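Pasting the structures here.
Same chain, two partners: subunit A is paired with subunit B first, then with subunit C.
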Partner chain A sequence: MGDLRGRLGDAVAALGLPRILIFAFLVLTWLVAALATDLPLPGLLRDSIVRTGQNGVLVLALVPMVRAGSGLNFGLPLGIVCGLAGCVLAMERGLAGAPMLAVATLVSLPCAALAGLGYALLLERVRGQEMMVGIYVGFGAVALASVAWLVAPVTSPDLIWPVGGRGVRYLVAVDSAFAVSISVWRPAGIAALVAVWLGACALVALFSRTLAGASLDAAGQNERLALAAGIPVRRLRRLGVILSTVLAAFGIVIFTHGQGLLPLYKAPLLMALPAVAALLLGGATIARASVWNAVVGTFLFQALLASGLPVVNALVHQSAQSAALKDFPEVARLIVANGIILYALTRKG
Partner chain B sequence: MTEAAERLRQNLVPLLFAAVCAAGIAASEKSGAFYANEVIARTARNALIVLSLVIPIVAGLGLNFGIVIGAMAGQIGVVLVENQVGLGPGGAPEGGIQGLPGLALAAAISVPTASVAGWLVGLTLDRARGREMIAGMVLGFFANGLYQLLFLLLAGPVIPIRNPRLLLPQGTGLRNTVDLIGIKESLDSLAKLRVPLAEGGFPLLVIPVATFLVVLLFAAALAWFQRTKLGHDLRAVGQDLHVAEILGIDVRRKRITAMILSTVLGALGQVVFLHNIGTLNTYQSHEQVGFYAIAALLVGGATVERATIGQALLGTVLFHTLVTVVAVVGQELLPDRPQVGEYLRELLAYAIIGITLAIHAWKKAREARRSS
Partner chain C sequence: MSSGGEEGGGLVLEMKGISKAYYGNRVLDGVDLSLGRGEIVALVGENGAGKSTLMNILFGMPAIRDTGGHEGEIRVGGRPVRIDSPRRALDLGIGMVHQEFMLLRTFTAAENVKLNREPLRPSLLSRALGAAGLGAGGAALATVDRAALREQARGALDRVGLSSLDELARVAGLPVAHQQLIEIAREVDKTGTKVLVLDEPTAVLAEGEARELLDVLRRLAGEGIGILFISHRLEEVLAVADRVVVLRDGQVVESKPARETSVEEVAERMVGRRIEMGERLGRPLAELRTTAPAPDAGDVHLSLRDLAVDMPGETLRGIDLDVRRGEVLGLAGLAGGGKVALANGLLGLHPGRAREATLWGRPLPLGSAAGCLARGIAFVSEDRRGTGLLLDASIARNITVAAMRARRRFLRLAALGPLALVDGAAERAWAREMIGRFDIRCTGPDQPVRRLSGGNQQKVCLARAFTLEPELLLVNEPTRGIDVGAKRTVLESIVERNRRDGTTIVMASSELAELRLVCDRIAVLADGRLAGVLAPDAPDLHFGLLMAGKPCPAQAAA
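Up next, the complex of A and B:
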């Protein structure tokens, strides 16, 4: 009995009380959905898992930079834009499904590594204000890419404006490597999506165990101590930023295959915010983050959105007010995500 | 360094942008009168919001990205005034308090709203010392969620907005765009100077004198304020938190005061802005406010730590010349792609702010390294 209590205590300590409460709230939501609404419970669970897999790598991308001591990567859109460029190039070649995913990834990784290097060099010079400068690097990347999409000499009918246009159109559908269509997900597809996400998480976790990974953590936790121990702090911080940007590029390739659409033009502008919120919800802070935080945070955040909001909607729907509340999920998302980030930014210390 | 060279160095940024503007105007096919009118109109409607950013910088809180919250407060005032103005025959406003009194009422409503909002902003940002700018920006996004909750879901059933001009047909939520027939151009048209630039009355230079007088009034009030005891205290807090604390200044309280003042001025600025534009984009009008106002202030030569009223006014003129030039040149180069101009304008604002922030942080990091 005492042993069980001890183990339970360990589990609580590892997850943290807030996350256990949120999880309990999620379970409650599922119960309410099953008993009090006509929402299909398997559908809610499936949506939660698909959204987790779809967003997981983008959240994971934040981890190396926090660990290297450069704070939350609000410049995530820089890597995202590189990944989108890979997708557009692959689709211009007529690729779809898994080959498109592979080629887009291969094309975007060197591009993201290069962009990440430039980003890292800039951040090195603005130590202490990385988050603020990062957000503008992201904005700049998105605005620049928007001009690029408008003038890109694409010819593929999947990409170009339908009537006599030039450039990439606003809505580009992606043939997903995982789903039959945006709405039809088979178990095998879901498993593959989750496997890719967890695989990426495992790789980043393994990296922490290598010498470079351990040095990166040391550099982030105590710069002076690391310098005294002969660790090349600046080079490792640079590595952290590059890794983060590269993972963001891969993350958006996976994201497009989950969503079935390319988030072109202004769509990626604020994508860093929900990712950051998910990581913080997973128990990370501005100074500390682990792969575990990213995994738990993505699931809790996405499951809350994917099941909590439809349930609230369904409950309200049954009462008086109805059609006007269709915008509620979007509003709730804004408040919750930015509230979490604000909480982390205003914590003492 | 000689005095002249030092002055040149201090004003390098506005000089540089002035040169770019001049080159753009010279290269484009549009007439000087077109630019003059465009810049006068844009300056009149934007100057107040840009002025509202000066105090937080002086008080050491950096660029106030939370100014969108002031803009939201202004919009609340505008919506409440428009709500009681009906639609008469021929699209004319009917009943209610309209025209200049309506505009004054909108301003009067937005002042207490913005004061409370500014107090909350100040409380929050004081907890994020050293990270005020990013926290202010996220606070803006967060407030945007609350604003949408207010106008999209609560307007109608909870908040008594009944005017069909504002309310969506289903009775909940405001329309995406609202024509501000009640207050539109009421201040502008009070005293408009029309100056013919050539024989026969065309081209015509149009100057909204009354609006400019209001702007100058606020600029003068701001200049006076900076010389008061409170103004000096704010400056002391901005220069060194610790020294100010030792001097017995209640740092936290002064910082909150700075945010309240900035938010209130921002709200008034948004009221003036909207009254000139004449249409409220309910869910978008406030979003870009912060970025464009901050970019304008920086073009005037302000930095994260130093800003003057002169820089705010000069920056407004220069930035809006620049925006006009970029739009025209974009249109002339790529006539079939009107969106390019819009993206270029955004890129311009982002670049100006991003580069200034980077230079500021760069300098800070170097100072820190030197002192350690």
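Up next, the complex of A and C:
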């Protein structure tokens, strides 16, 4: 009995009180949904899981850079743009579903590795301000990519503007490898999506148990100690940035297959923010992050959005049909996401 | 006497029975210090003697208040005062010239001298606000009277002998000597400055410049300002001071007119022999040393020619040193002497260069930590929490992190190179062994080192170095800030490593008493140069002289 209580205490300590409270709130939301609204609970749960799987790798992508001591990768859109380029290329070849996913990944990874190297070299020159510079790198990458989409010589009918002309059109539907269509998910599809996400998590966790991973951690935690221990700090910091960018590229390929749409043009501009918020919600800080933080944080953040907001929406619409309150869920989402980021940035390591 | 006032050449400052403890560690013990009108008092002492704590008390630094305040009484101009903030110290007429310049580099000399005390002229806005009954708000909007500012600053600069300096020159490009004098000008320009404290003012100056500064100090004393002068350069001290006060281990051990003492005497009083410590640490070490005689110290293990290291505050300006196989070589010297820079320069933590550096006769490229580790060198940093530890990582990881890469230990599938897996079980097992060997007080190998005491953290650092199984161990300040029990373990393990495993050891320490217990030879550094090499049982006087940068008659063959 005492042992059980001890173990429970350990579990609470491992998870952290904030996360337990959020999870309790989530359960409460599900209860309210089941009892006070006509929202289908299984639908809410399914959406929560799908959104978690869909966003999971993007959140995971932040982990290596934090561990390398370069802070939260607000330049995530750089990797995202590389992943999108892979998707466009694969679709231009007429691929769809799983083959498109595979080819898009294979094409985008080397591209992201190269972009990541350039990004890493830039960050070396602005040591200490990585996060701020990262934001502008992301903005720049999105702007450049927008120009590229406009002039890309694509010919596939899935990609070109309906009226013809040059460039990739604004809204491109993706034939998902997991879902039957945007809103139709079968258990096997969900399982596959979650498996891909958890597989990526396992690989990153395995990496942190290698010599390179251990050295990367040491370099990130204490650069001077790492130097004194003969660890090539700069090289490992570069590796962290490259890994983060590559994972972001893979993350967006998975994301498009969950979402069913290519987030082209300005869509990736602010994509780093929800990812950062999720990781921080999972218990990470600017200086420390684990795969576990990413897994827990993605689930809590996405489940909160996928279940909490529809429930609030339903309650609001039942009580007052005010047009002014219609945007409330979206506003609440922004407040929550940016609030978490602000809070985390004011805390040191 | 106390009500005698300043007019009759009475005391401008009196500190009586000042005591201070940090977390139960007594750093000042009943210190009495007085300063007369126009008197120059020199305050000297080894590192950790309590000089900075005493000055922090005089300036009402928050660090003092936050750690429980101090005991004793302070009188300024005969009146008892409570100095609870630097602001209050300034109001009382106590001026300070810091070791690091507190000047705005992009401002002119004149602007720096008059900073926050600019002469003002009412402006249109301030008049309007004053008319509206907002006089206080109006003052902030008054115009700076630039002509008056220039004129007043000129006067202050002339007073400190900077007549040749253009008062409109920007501080950024000026020689350090001028910056120092501008800082002094600023302090003496404050109306009512009665006490001027200078902390190592000549440390950054060349000899000629230092002489000029001393002249300025004499002139200011002639104007009636009491000057408290902190310096390691004993000759200067005796040349300029009226009285010399020696602090050792938080107590005043000497307070004498400067003309009645000598460099030799002051040096000896500064160093002193800490008998109590020697007794507490000495016996087990002495036993260890006699039961296991020194390994045959013959060949040269590490040879350095003209090694210079740019380490801020500890610059090494070029030394020649041979470390013999199997010896324990101590590096002694005052703070800033450069003793800790040697190891930092070899490993490249601070940029170093040498005409020649060889290990076992083969060239040793400076600046590559990985290269040093590969050639059998291990390093324990003086900066324990900064360079020595991964504070949030486990004890186990802290112990293994260097050997993992440099010796390929604690790995599975080592053939995979960087992708080899860390063998957590082996890591923890080794950590347990080291925890036992060093008597590290902890809950287990997984405990984060942040929560260990300083002594146990130091043992972790030492355990990491030993895990590399070095042939040459460079240790900086191994016992700084740790309790006596841990000190003994640390020193014993270093001696044992040397006597049983034959590891050559170079140990830099501010604790001369410890070096004399542990070392076979002691190299004394002063001002970034090798002042001499002494046997551990050489007289106090010789150590004192070398530390002060003076030649000493009897030296062990280097």
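As a convention for this text, the second predicted complex is superposed on the first by the 342 of 349 C-alpha atoms of A that agree within 3 Å, B and C clash if a C-alpha of one lies under 4 Å from a C-alpha of the other, contacts with A are read in each partner's own complex, and residues count from 1 in each chain.
Rule of thumb we're sticking to: contacts are C-beta pairs under 8 Å (C-beta built on N, C-alpha and C of every residue); 3 or more make two chains touch, one makes a residue touch a chain.
These numbers were taken from a predicted model, which means no experiment stands behind them.
Residue contacts after overlaying the shared chain place A:A229 against subunit C, while subunit B stays out of touching range. When the two complexes are overlaid on their common chain A, residue A:P99 makes contact with neither subunit B nor subunit C.
Judged by the touch definition given at the top, the superposed model places A:S215 against subunit C, while subunit B stays out of reach. Here subunit B and subunit C are compared by how many residues of subunit A each touches, and B touches more. In the superposition on chain A, A:L150 makes contact with subunit B only, while subunit C stays out of contact range. In the superposition on chain A, A:R288 makes contact with subunit C only, while subunit B stays out of contact range. Within the complex formed with subunit B, the subunit A residues making contact are 74, 122, 125-129, 131-133, 135-137, 139-140, 143-144, 146-147, 150-151, 166-167, 270, 273, 321, 323-325, 327-328, 330-335, 338-339, 341-342, 345-348.
Taken in their complex, subunit A has these residues touching subunit C: 209-215, 217-218, 221-222, 224-225, 227-232, 288. If you check the complex, the residues on subunit B that touch subunit A are 124, 127-128, 130-131, 133-135, 137-139, 141-142, 144-146, 148-149, 152-153, 156-157, 168, 170-173, 334, 336-337, 339-340, 343-344, 346-347, 350-351, 353-354, 357-358, 360-362, 364-365, 368. By the touch criterion stated above, subunit C contacts subunit A in their complex at residues 347-349, 368-374, 379, 381, 383, 386-393, 397, 401-402, 404-406, 411, 416-422, 424, 464.
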